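Each structure below is given as structure tokens.
What follows is a pair of complexes built around chain A, which joins chain B in one and chain C in the other.
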Partner chain A sequence: MTEENSVIAHDPSATLSVRDLKVTFPSEAGAVEAVRGVNFDVHPGEVVGIVGESGSGKSTVALAVMGLLQNSARVTGSAHFKGHELLGLDDKALSQIRGRSVAMVFQDPLSAFTPVYTIGAQISEAIRIHQDVTKDQANARAIELLDLVGIPQAKDRIRSFPHEFSGGMRQRAMIAMAIANDPDLIIADEPTTALDVTVQAQILDVLETARQATKAALLLITHDLGVVAGTCDRVAVMYGGRVVETSEVYSVFKQPQMPYTIGLLGAVPCLDAGVGEPLIPIEGAPPNMVNLPDACPFVERCPIAIDVCREREPGLDETLTSTTENVHQVACHRSNEIVDGRIDGQPVFALPELGAIAHTAIARADREVVIDVKDLIRQYPVRKGAVLSRRVGTVYAVDGVSFDVRTGEALALVGESGCGKTSTVTEILELRKLKGGSVTIFGKNAAELSKDEKQEVRRNLQVVFQDPQASLDPRLPVGDILAEPLKTHGMPKEEQRPRVLELLSLVGLEATHADRFPAEFSGGQRQRIAIARALALNPQLIILDEPVSALDVSIQAGVLNLLTELRARLGLAYIFVAHDLSVVRQTADRVAVMYLGRIIEIGDTDDVFNRPWHPYTQALLSAVPIPDPVRERERHRILLTGDQPSPTVHYEGCRFRSRCFRYQALPEDQTQDCRTLDPSLTDPTGHNLGHEGTHGAACFHIEERDVV
Partner chain B sequence: MGALLRRRVVSMAGYLVRRLAISLLLVFLATSLAFVLASVTMKPRDNYLARNPPVPESSVDGILDAVNQNDKTPVVTRYVTWITGVAHGDFGQTLSGDSINEEMGRRIGVSLRLLLLGSIVGAVFGVLLGVWGALKQYKPSDRIATIFSFVMLATPVFVLATVLKYGAVQFNDLLGFKLIYFTGEITPGLEADFWGTLVNRFQHIILPTLAISLGEIALYSRYQRSAMLDVLGSDYLRTAQAKGLTRRQTFYKHGLRTALIPMTVWFAFAFGTLVVGATFTEKIFSWQGMGAWFIDSISAQDINVAAATTLFTAVLILFSTFLADVMRGFLDPRVRGNQ
Partner chain C sequence: MSRWQLVWRRFQRNKSAIFGLCVIAVLFIAAFFGQFITQWSYDQIDANAFLKPPSTSHWFGTSQIGQDVFAQTMRGLQKSLIIGFLVGVISTGLAAIVGATAGYFGGAIERANLFVISLLLVLPSFLIIAIVSPRIRGQSWLWLVVLISVFSWMLTAMVVYNLTLSLKQREFVTAARFMGVRPFTVITRHILPNMASFLIIDTTLTVGGAILLESGLSYFGFGVQPPDISLGTLIAAGTGSALTYVWLFAFAGSILTILVLAVSLVGDGLRDAIDPQSEAKASL
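And now, the complex of A and B:
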């Protein structure tokens, strides 16, 4: 394969220098080659990003270097840490280095702390393993560290158990633990993936603070190109267990020369794109890492593959633009033909054509209302006691939500976890008597439907869930899954099969797929099956509950395009629930931003993204990283303080007040309204438009601000 | 700082008090049900009907009235008499008129000795075997432990006890003298000093303890093994290693304690099966304990004895549940309730 790789010498000036790292895992199908010859250096004080999608081997690299892989893994190659070999060291020798010179921050902060010890005990343990200090000294240091990473009242919180911390606080504590011994290198493995976007912004900030405090180098492993753009000095893109492109961060984003990198950058939804603009998906799925042939691992998905790509795997070679100061390496046979993401004057990935959305010709007010939700309320009781359970409180999950959706329109409900967006749509799907408010669906009051009417409404109202793995019965062939709604609604048997085949072609699958089982499909294909099932009965309205959040970026783009295309072709209306704002930018016509059970801003997508009014929307948008290092580093980020408050309390005044930067900046005499009145959706003049208005925000001090 | 700690202690104590109150309520319900059920189904009168010469009905009534077991008295009245007695610490009399309290005092000691040793041996060795199996997953030693566990789980106590008895006979023959005894809890008429008595008691208790704890070991080891495997693959063990603990330290400091948490629930469950097992074991090895007495009371149609032994069992099982809750509350900060 690439013999020349193994002879590259270690860089003596590097903090971490990895050469020809290979990791294989045994499996029933054969040896899984998870990492296949990876080279990289991390220099003192430098931030290096390893970016890739699931299965690319990026996390395995980090764990292999730290000797934290399971025993069955076979690791070869070499990893020098400040000139000393790490691979092959015994557990005792490695434990001297781990936590002292090299520290790690893991992805899921809930499971990464031992649940039975306090946060303080776990941090001071990390100190006392490597430093000869007393328990009290370690404790005092732990308080200092927690203070540094921004845990309020660190002195008290040190005695808290992990489950008493929020996700963001746990990740802060994790970083505090990582810098406890002043390491030379911090390895952060997807440190912000499990967090909400405003919390992610806080954590990236803390990580930077921690880095400044310790002067450590940072190896950041992530799937998020936006995070890389904002934080890294150099980046290595991994695909199929190898680095396929590496350079200084500006070059990779500006002059990508590996088709996979180009595709990945094109597939990321952008905050500054337009509604209905297509994304550029990468067709196909990542390779199976067992018995890989000697070919480019990306060849099956590459639009510009030629014969040699199938015959020989390309080495990671320097490009023509590479200089000694800025080495740019790419593993592609045709890399030197690619300039500015184009080859022979044509873009590497052609922009797919999506049908125009027909309804745009008709004014919104003239289109029929599909669903009208008024002052919807949903509450959950909080119970205590196992035998004699009693109600001790209420979660106000949805607390007066109003919106309408018209024919052919896509409304996005966005917000962070716990804001009530999913509770809103599940309450709508119940079609039952409400605790408060009303739902009018297809012109009928949902609470007063007869049994037949209900069945009719269900036919017209369909749903697609987040996790296609869980929402498809694993024991039914796809054809039966798609035929089930047809059968339930009384379609004659002989008409079912043709309809199933029609549905498959509608979502871009093949007729032969009807006889296979869900497990034989990739995540993206499974979500297509779930969409096909929702389409089976020709519905008017589809509720999409986080339809792409379980998918990798390159796959997600294809599903989003499909949704846009189907809407254009079939005149569907969507309610699109998402936590990721960029995902809805190109898919939704209207956006409703939710916070603590209430819509705090609603309007046309262009308005909300380009001219956000509510301070929360502004903070939310400014926290979404943009995959462009130049612009990302020029942006002013609004950091919100703290976490979303508890939804079990009824707040007087504006519910966003406790975290609002505008409220904090206002002179005392202008905050009266914020403290005493509950704001409704208005325009900047204070004119109440209600939810039918084109753009409104629930704020007394609306101030336009450009944040993208 | 102190406030938080104090709040923790208070919430832990509150949790235990609530648990204890619920346990007491359940003991009351269980014994009341047992008394009523025994009173409805058992016919102590039958003991006197087949006598020759026939006992006059008035005499039978007299005998039964004296011990509060006359079926002519309404169940409710008998129940009130009985429960009033129990509330004052008097469990009534057996059919032959002996005090149940006295007999029970002696028998409880016998049963507890067997149950206590059985559950300690079962829990300790079960947990050890489970941890060992998890660490040696899929190695021959783990496979042997697995086979042992499944064979034990599939063997009823009375079969196991009989096999053990047979084995002991063979073993003693092989040695040429009696090392292991298999009847009673002490050699009758033994004259020995304190140590001699202790050794003799030990020779008697080995076999019944084995009979009840082998199944326990098997049960515990299976659950401990899977709990341990869950923990071994957890993220927090990786974190602990990443901060500089060796594999061994990680395992003992962060792994074992967490893996013991689910076992506390099993302690409560396993104790129930242990009590049932002990009932047979006492009969087979001729131990005069509560289990044996319960079986005897059924053939003797003695309502008061049946109710008293049931109460004993209920108390034991609920106490073990309570103990399991205490252990769980101690090991797992997440169940200590609100803060």
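And now, the complex of A and C:
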């Protein structure tokens, strides 16, 4: 198949034309074939998305084209930029092109700037390297660029150092630097992955402005199908180091013909689904890129694999629906049998069955309260000086949070980074004396527990952390990891092993896995192990701290389904912390949205998602991209101005006021309350929200709005 | 492939480290079995050979009173090796306990442990050992091991302390804590095993330092006391005639140099093989 690929000539009209690109890295286990023959074109003014999960080789493609890979990587093939070969150029020749005709925007804008120079100096340096202008002219241009990307008071901010900018502002400055020399092509490698969702919306907006200002083509590399749906003209889906499906964006989303694409689209949690609805996971893990056999790389995970899939790797061929204007290529032996995500009338990926959640039969008010948190406060001192440190301020991380969770219920705490959601749950888990407020857990006050009572509470309260790589001790075999809680809480030795095996099967792993080490498992399997450990003692409440945010979409779906299923089977209660709203849509019964250390809206999931009251919730929901290009492009996005303000200051009045679009739109005489009073959770009539579990928002001007 | 297999493979690629390992193995075998391949024992006196240069019957020559230098050197090497490895194990163990408890518990324990560490760091160890050693004269040489250990663990403890501080933040430690696991179990089960690589490297490097320190002390008469022999006492006895009767001094001196060099080579090799920082270098 590679022979066919190599004969395809470069497209002379394309800005960037990549042919048969292959990248190999040496490793202890053998050569890692990270990229195995990739072809694509980026035409002038076009936005091309390369989408894939971690390890698919998408970033390597970009780095290889720019000549930024480590020296040990072996790169073959050809990449023409406006007719000139890029691969094999020496660093000096490439520097002439990099930054001038081709600009890059990286994922982490902090490491892309030198910390010791001001932002302005770095942007004008970029200008002066490639253009013959004076220092003042370059400076003036830098201000102009910062202004274009939406940095307020660009004239003053130009003298700021990178650390004085927030993540979102740094990424704006990065984009300003990228377009400084009017490039023909911008390569953006996961430009919004490290950012919060409301900031992501701003940055995508800025990227679009920048593109229009320069008329450059954009190569967008991302794992987020929602971002692709909203921005790209054409998409290439990568899997196992190859492009497995490519076409114009609408046809990929509407008529995907590669099972992997179909699975990926089904696995994305969606804002408009219902509570308890299952996601469609893709079983298994991506292939190991060493010594790949001549077979379809997706064959192990593909539900419709046939013999030929194991014998020969399919080439990237045009499908029946492909036309000359809209070329649709798919690397699948059975692609022509697939129509509308179905094969022989059956969906390629069957919807899994999940058990019904038992407690729904009993009214919420009649169920037992598992945990009751009232006015919880958590503050961190800000210290200065290394030897004689003194307190110079306070971070009000959690500033009066109240909620309760009842038997069998899943409450989601959502919010952007720095909103205090993780501080809230760690404060609960510490079971110590509080700075303010109270935590009543299983009917007992957490601050006044005796040593034995504490151990009893710990038995019933378990936690699953974000990163399964970090939360499992790498030196212990899985069996020992799972036995640890059993041993700690005094289970006789001979009963431990059977329980460990039972737990493994409960989370869908095999008994033989008990003797392996965490490093031998994929991310999804590791998270299953962490969940099994949390279940070991039959707890009543599990705190899930971002349990899927470190996982790829296809794996994430399986873990979310498992969580839903376990809750139904074992009657567990969850506190589910997440920054991604779509993740909790199908998993949680109730949602609490946090902003600056406070819950600003709480209610049943359907209410909060379908009828959000608080302006922040509305902005947050509208910023989450939906993986459907038609709907995504029709949505009206509420763009918040600025970043989340500093949590070291106590605000008078409503804490969201500084970014609130409703406040800005109100006439002066109606904003009195917003400026002077701290809103509590109420319904639209102003009734204070009790604990009866209804919907409430901390806003004086509640107004319903459909944003999904 | 397991982690240690990987480490071993990388270690094997390092030729000088393998060389060092072979040298140590040879010296070990010689030190403990050397006495069986020569007819002479270290405390035996050959009345027919005083100050004889190396020959077929006395491979390293003989001393002023007719002792076989080969047998003596092997005996001394044996002592030096034992002292070196004991000090390596004891001081690293001590460092692990003090550093890890300081880092894990914090508060008063942290301050107390750090105070002891800083105090011992500023004391001139060589002088103190020199002053204390006359008091232990005539007692077991194990006291010397204790003394050297007491003064060689502090820097390691500081590193262990800092590693503990960062491991304490890791989620598997937090997870164990929230599970209700007892603090000492957390340290021995989760914290120390995760710095095993550092501890192993450190033990190796301490061995070299301890052998040198012991030799230095013995040279000045503070270390191993007669009738025990170490490489240091041999060198001390031989220095007077270093230029006239070279064999009295040269063999003990060069074996000491070779031993310490070999230990350092192995230590460096281990560090390169275990430390992920050197991974990129190894793959080129």
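Assume the second predicted complex is superposed on the first by the 704 of 708 C-alpha atoms of A that agree within 3 Å, B and C clash if a C-alpha of one lies under 4 Å from a C-alpha of the other, contacts with A are read in each partner's own complex, and residues count from 1 in each chain.
Following the convention adopted for this analysis, contacts are C-beta pairs under 8 Å (C-beta built on N, C-alpha and C of every residue); 3 or more make two chains touch, one makes a residue touch a chain.
Computed from a prediction, not measured in an experiment: that's the story for all the values here.
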Next item on the list: Using the superposition on chain A, decide if chain B and chain C clash or fit.
Entry: fit
Checklist line | First, second, both or neither for A:Thr488, with chain B first and chain C second | finding: second
Margin query: Let me test your reading of the model: by the given contact rule, A:Glu125 touches which partner, first (chain B), second (chain C), both or neither?
Written below: first
Next item on the list: Answer with first, second, both or neither: which of chain B and chain C does A:Gly99 touch in the superposed model?
Entry: first
Next item on the list: Check whether A:Ala519 is in contact with chain B, with chain C, with both or with neither, and answer first, second, both or neither.
Entry: second
Check: Thinking of the overlay built on chain A, is A:Pro26 touched by chain B (first), by chain C (second), by both, or by neither?
Finding: second
Note to self: Per the contact definition in the header, classify A:Arg475: touching chain B only (first), chain C only (second), both, or neither.
What the structure shows: second
Margin query: Taking the superposition on A as described, I'd like to know which of chain B and chain C A:Val369 touches: first, second, both or neither.
Written below: neither
Item checked: Three-chain overlay, vertex chain A: chain B-chain C angle, C-alpha, nearest 10 degrees -> 30
Check: Thinking of the overlay built on chain A, is A:Thr114 touched by chain B (first), by chain C (second), by both, or by neither?
Finding: first
Note to self: After superposing the two complexes on chain A, what is the shortest C-alpha distance between chain B and chain C, in Å?
What the structure shows: 5
Item checked: Residues on chain A lying within both footprints (that of chain B and that of chain C) -> none
Check: Residues of chain C touching chain A in their complex?
Finding: 1-3, 6, 9-10, 170-172, 174-176, 178-182, 185, 189-190, 193-194, 196, 280, 283-284
Margin query: Considering only the defined contacts, which chain B positions touch chain A in the complex?
Written below: 1, 4-5, 18, 22, 234-236, 238-248, 254, 257-258, 261, 331-334, 338-339
Note to self: Give the list of chain A residues in touch with chain B in this complex.
What the structure shows: 66, 68, 91-92, 95-100, 103-104, 106, 108, 111-118, 125-126, 129-130, 155-156, 159, 161, 163-164, 174, 177, 180-181, 384-385, 387
Check: Hey, which residues of chain A end up touching chain C in the complex?
Finding: 26-29, 70-72, 429, 454-455, 458-459, 461-463, 465-467, 470-476, 484-485, 488-489, 517, 519, 530, 533
